[in-house]
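Below, chain A partners chain B and then partners chain C, in two separate complexes.
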Partner chain A sequence: MILNALLSPEFFNAALRATTPILFATLASAVASKSGIINMALEGIMLFSALFGVLFSAAFQSAWLGLFVTMILGGFIGFVLAFFVLKLKTDEILAAIAINLIATGGTVFLMLTVSGDRGVSSSIKSLQLPRVALPLIENIPFLGEIISNQNILTYISLIMVVVVHIFLYKTPLGLRIRAVGENKDAAESVGISSQKIQFTALIISGLLAAMGGFFLSGGYMTYFTKDMSAGRGFIALAASTMGGNTPIGGFLVSLLFGAAQAFSNIMQMGASLPYELVQMLPYATTLIGLGIYSYSLMKKRHRLSGK
Partner chain B sequence: MSNKVLQMNHIMKIYPNGVVAVEDVTFELIKGEIHALLGENGAGKSTLMKVLFGIESPEQGQIILNDKETTVKSPQDAISKGIGMVHQHFMLVPSLTVAENIVLGVEPAKSKMFIDMDKAVEISKEIAKKYNFEIDVTSKVEELPVGIKQKVEILKALYRGADVLILDEPTAVLTPQETDELFIQLKKLKEKGHTIIFISHKLDEIKEICDRATIMRNGKSKGTHNVADISTTEMSRLMVGRDVVLSFDKKPIELKDTVMKVRNLTVKGSTGVLRVDDLSFDLKAGEIFGIAGVEGNGQGHLVEAITGLNKKYNGEILVFDEDIKKHSIKQIRESGMAHIPEDRMTLGCAKNMNILDNILSNQFDSKELSGKVMLKSKKIQERVNELIKEYLVKCKSSKQNVGMLSGGNIQKVVVAREFSTNPKIIIANQPTRGIDVGAASFIRQRIIEYRDAGCAVILISADLNEVFELSDRLAVMYKGKFAGVFKDVDSVTEIELGKYMLGIKHDDRLEGIIYEQ
Partner chain C sequence: MNSNTKFNILRTLLSVGIALLISFILILLTSHEPVKAVVKLLTGPLESTRRFGNVIEAMIPLIFTGVGVSIMFSANQINLAGEGSFHIGGLVATVIALNTTLPAGISPIVCILLAGIAGSLVTAIPAVLKIKTESDILVSSLMMNYLILYFSNYILSYFIKDPSAGSVVSYAVPEMTQFSTIFAGTRIHIGLFIAIVVALLGYVFLYKTKLGYELRVTGENQDFARYSGINVLKITLISSLLGGFVIGLGGGVEILGMYSRFSWTSLLGYGWDAIIITTLAKKNPLYVPFAAFFLAYLRTGASIMSRSTDVATEIVIITQGLIILLVVAEQFLSKYKHKMIAKEAKATLGNVKEVE
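== the complex of A and B ==
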């Protein structure tokens, strides 16, 4: 029964859907990491963005406007992280942990203040972005069922893979981000301000993560729940690392994690295993994936040094 | 317009810690020359160039560039004024291509948004061709050998319009073949009208390609000379000569057992360059074996090998007739070896910990100071107070952080720690570098006391005064080998020694370096 479910187009469709927020955050992580800063605040940015999405799409009665404002605020959190790390010289991990903890409590507090709800923001009338049926493609058997009729943000996330790739590898700013991340002194020696570059990278990272956060509460649902991001920011960090901090590599690993998430959802319905154990699946996949990645990296290094 | 591209007049640079790095130095460059800046480590040549390149601002002095007085505020400012610098540690981004590295920061663009990669490659090829550099500009920098990386650095500077090129010890990381190739390139650059400052302490190289040389010692200029008119002997005298003569009382030498045997020791540096080249020697109890030499001729690598810090060597090192290759540093220390490292701030002490923690850090696990679980703090405090008193460490209390002390007192803490275990072999690497006269003379006195008591000492020093006064036997290290050995130190003159240090003279038969076969 499980095997049947796994081979059905519905599973792949769900996998792509589950991939979307992770993919946005993975791209966000890639941009930050390329500039030499690990953006561990992705989780907090996503959580905040999920709430902001609900609040602003309700306030403007426009999902697109809600997304726009959420992205700006996500970029602002990226800026705050950069300010602490680059100007005040806080440890980048500690600053990120602080943002994540503020997000956990802060979102609940904000929700309570605005709507009076504690766990779920059901009293706020927020909107969602539309699903799109792709003409022609939707008629292809199997494939059409997987790809078509996804939320528009899913398509945007796929387009962003290409956009971020072009940005990092084909534009002057992208080149400078990579140069700063790899050898700050070299970049500085040719007149590039590494601070400016890292600020820019973290703001872009915040924008991207905010899109992922918005998807959680404005993609298929129209409400925010407490701790909605559920570790996706951290999973994305792993996905980005395993993908070599490249957009394409990160995309492929995100697909794997997305599939694990979708699989876990199916298993929960099957109920042959304890619910909690199945829910652990995406995270276990992350851990195993990281282990395999590190091992292969170690082997590679060993081979290179032995040469 | 005069033919002088650059004049630096009466430059004075004092660092915040009070060290006078450059004192009233005047330095001139004539257009189209290769000008050597010659001096030992710490002579002030790097500081002078940092002033020129805008990394340090001078306390006094004037910089005149192309007949106009100017100030250089930052490296960017220097670059825009036509000064380029090739650092010893390359400023390149490894995963980028040669072309990307060359255009980094000034990338050609197309449709205002994207990098025009074809244009970047074209520009890089053009500039490489103009200066006859054979480089595949599309290859990644990380895949290139050191010699080519250096060429990329030079091209980078040229692309940014450098008229004056500063090369900071460019041959230090190169193989002999790469060095030859570099020299051909430099001569071509000179023909094209570029002026080159060549920082070095290798006289043969300076003789080969430089027109003039400015010699520095102890932060002062010892004059500028036409390379053709000055002999290498004279250059070496100006560079390493002694300013003051010291003297110490020593008991007559009394040699005892051989405590260390080194046979055919070969060590390679991280870049694969040979640093210690087939070195053999013996060390006996009761002697101070001095190793003189300009820094960077393999002394550091030799010390790392014989103290057990680096096990990646070929050959044999026997301490008390035991091969130390399989022994841990702790085992080597327990056999009676003490090591005063070259750099007291990185290897010598934990600068953010206090004197108490530092001064006994090699013996906290001894039965005397430690119980089964807890340290015997009372006992430790007593011992520390004794040592502070004995070694005249000037401090507020034993709880003061070591990093807060002056250089001389930090070194005294290191020496007190190393000597407090009653060592049988002392490896002292630059034991008095950069510290005040009083502390230096105290440390030298202690070394002699230990030698008189029958301890074996290897003294590595770039300070000729020190090796002359302390050593019973003296060897000169040059390019990883011993260039000469002197059983009777008093019979050698400093001029003679200078010749060996700078590779002008070389003995093939090293008599007296090995006591027994």
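== the complex of A and C ==
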């Protein structure tokens, strides 16, 4: 029965849906990591963005405008992180933890102040981005059912994989970001301002994470709930690391996590295994995957240095 | 006291002050009764013995997590699995208390020791992964917390759940295994003494033993430590085991002292609280109780405030974040620091001249 469910197009469809927020955050992490900064504030940016999405799509009565403002604010949080790390020489992990804490408290506080809701934004009339049926593709058997009829942000996330790849590897700014991440001093010596580049990278990282956060409350769900990012920012950090901080690698790994998430959703309904154990799946996958990936990397490094 | 220490203390106090000020402004902007809210936040815990008792009760687990994280951070092990260690500590203490029949005096000791061991395993897994595969301890420790949460939920619902209770909670821990209260009118339990002893031992370990010294050297500069013949891998493992043990101990103490049943079905955030305590205490276990008292006071005040006014307790989480940001921002007030150092240097020069 489980096998049938796993091979059904519905499963793959759900997996792609679950991948979307993680994918955005993974791309966000990749851009930041390439510039040499670990963006652990992804979790907080996503959480803030999930609330902003609800608030601003309701305020403007336009999901697109809501997304736009959310992205700007996400970029701003990226800027704040960069400001503390680069200008005030704050430890990047501690600064990120602080931002995540402010997000945990701030979102509840803000929601309560704006709408009087505690926990769930049920009284805010927010809007979602639409699901789109792809003409022609939807008629392809099996594949059509998987790919078509997804939220438009899911398609955007897939396009962003290509965009971020091109950005990092084919544009001058992308080259600079990678140069600064590889060797700050070398980059400085050829006239690149490493601070400016890292600021830019973290702002872009914030923009991307904000899209993932928006999807949580404006696509995946239709409302904001307290702590709804649920560690996805951290999973993305792991996914990006496992994917070698490349957009394509990160995409493949986040697909794996999306599948694990969708699998745990199916299993919860099937109830042939304890629900709680199934919930461990995405995290266990990450932990084991990370171990295997790092191990192979280490072996490779040792082999190279041995010669 | 040299100008550096003086400056550090000053900056920490100022950071806390500014963070509080920003929070007050937030209250002012959003509340209909801001003055009452701020007064309740600041003086609420002093209103009665019971409320001040709440502060001390809340301080106990924070001391354990603060000391544990201080030990790991002193070795520069950014291991964030403390959250999971605390959680599993509570679970293991409950399971042992429910399933063993030991003499009254020994039972709680066995419970919390096993809780500590379970806690140390949780933080050791990312450390072992780091040693064996060179994988990032930060990421793997974050994953551990969620694994532990769902694992605990599983054990709770399938093995120790009390079906006659209204909500998802375990069977009640036998009375004789629970800690007794030490002050009438409060729920302050003997865990307080254990916490203070742990903080003192943590200090002695880090600052008065060879191993503690090696640990701090490794934290300061790993390459230097390696060249001086310190086994860095051993330090990585020991700091994680010890830190996790202390935090797990705290989880066990919390269950036996404050709860009669295991009821944690979501992450409690003690791991993140420990970060702010460690930051305020500058990774020194000796200062941890003070930082823990401060945070516990703020928490208790906030909870009193939210019960009597329209301001949500979550405001304190924002304050916490702001404090971390300001305290660890090295360049914050750095101009002032330069002035202070320059002044001191001049004064010393002046003295030298006078002597001549």
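In this section, the second predicted complex is superposed on the first by the 306 of 307 C-alpha atoms of A that agree within 3 Å, B and C clash if a C-alpha of one lies under 4 Å from a C-alpha of the other, contacts with A are read in each partner's own complex, and residues count from 1 in each chain.
As a convention for this text, a contact is a pair of C-beta atoms (placed from the backbone, for glycine too) under 8 Å apart; a residue touches a chain by one contact, two chains touch by 3 or more.
Every value quoted in this text rests on a predicted model; they were computed, and no experiment measured them.
Colleague: Should chain B and chain C be called a clash or a fit once both complexes are overlaid on chain A?
Modeller: Overlaying the two structures gives chain B and chain C room side by side.
Colleague: Now for A:98: first (chain B), second (chain C), both, or neither, which partner does it touch?
Modeller: Second partner only.
Colleague: Of the two partner chains, chain B (first) and chain C (second), which one does A:172 touch, if any: first, second, both, or neither?
Modeller: first
Colleague: Taking the superposition on A as described, I'd like to know which of chain B and chain C A:231 touches: first, second, both or neither.
Modeller: Once the two structures are laid over each other on A, A:231 reaches chain C alone.
Colleague: Which chain makes contact with more of the residues of chain A, chain B or else chain C?
Modeller: Counting contacted residues of chain A, the larger count belongs to C.
Colleague: Classify the contacts of A:187 with the two partner chains as first (chain B alone), second (chain C alone), both, or neither.
Modeller: Once the two structures are laid over each other on A, A:187 reaches chain B alone.
Colleague: Check the residue A:274 against both partner chains and state whether it touches chain B (first), chain C (second), both, or neither.
Modeller: Touch status of A:274: second partner only.
Colleague: Please work out whether A:136 is in contact with chain B alone, chain C alone, both, or neither, and reply first, second, both or neither.
Modeller: In the superposition, A:136 touches no partner, neither chain B nor chain C.
Colleague: Under the superposition described above, what is the C-alpha centre angle at chain A formed with chain B and chain C, rounded in steps of 10 degrees?
Modeller: The vertex angle at chain A equals 70 degrees.
Colleague: So if I take every C-alpha atom in chain B and every one in chain C after superposing, what is the smallest distance between them in Å?
Modeller: Chain B and chain C, overlaid via chain A, are at closest 6 Å apart by C-alpha.
Colleague: Would you tell me the residues on chain A in contact with chain B in one complex that are also in contact with chain C in the other?
Modeller: none
Colleague: In the complex of these two chains, what residues of chain C are touching chain A?
Modeller: Residues 26, 30, 78, 129, 132-136, 138-140, 142-147, 150-151, 153-154, 157-158, 269, 272, 275-276, 279, 312, 314-322, 324-325, 328-332 of chain C touch chain A in their complex.
Colleague: Which of the residues in chain B end up touching chain A in this complex?
Modeller: 75-76, 79, 87, 90-96, 100-101, 104-107, 109, 113-115, 117, 156, 160
Colleague: Hey, which residues of chain A end up touching chain C in the complex?
Modeller: Within the complex, chain A contacts chain C at residues 38, 40, 84, 87-91, 93-95, 97-102, 104-106, 108-109, 112-113, 118, 231, 234-235, 237-238, 241, 274, 276-277, 279-280, 283-284, 286-287, 290-295, 297-298.
Colleague: Can you list the chain A residues touching chain B in their complex?
Modeller: Per the stated touch rule, the residues are 166, 170-172, 175-176, 178-179, 182-183, 185-192.
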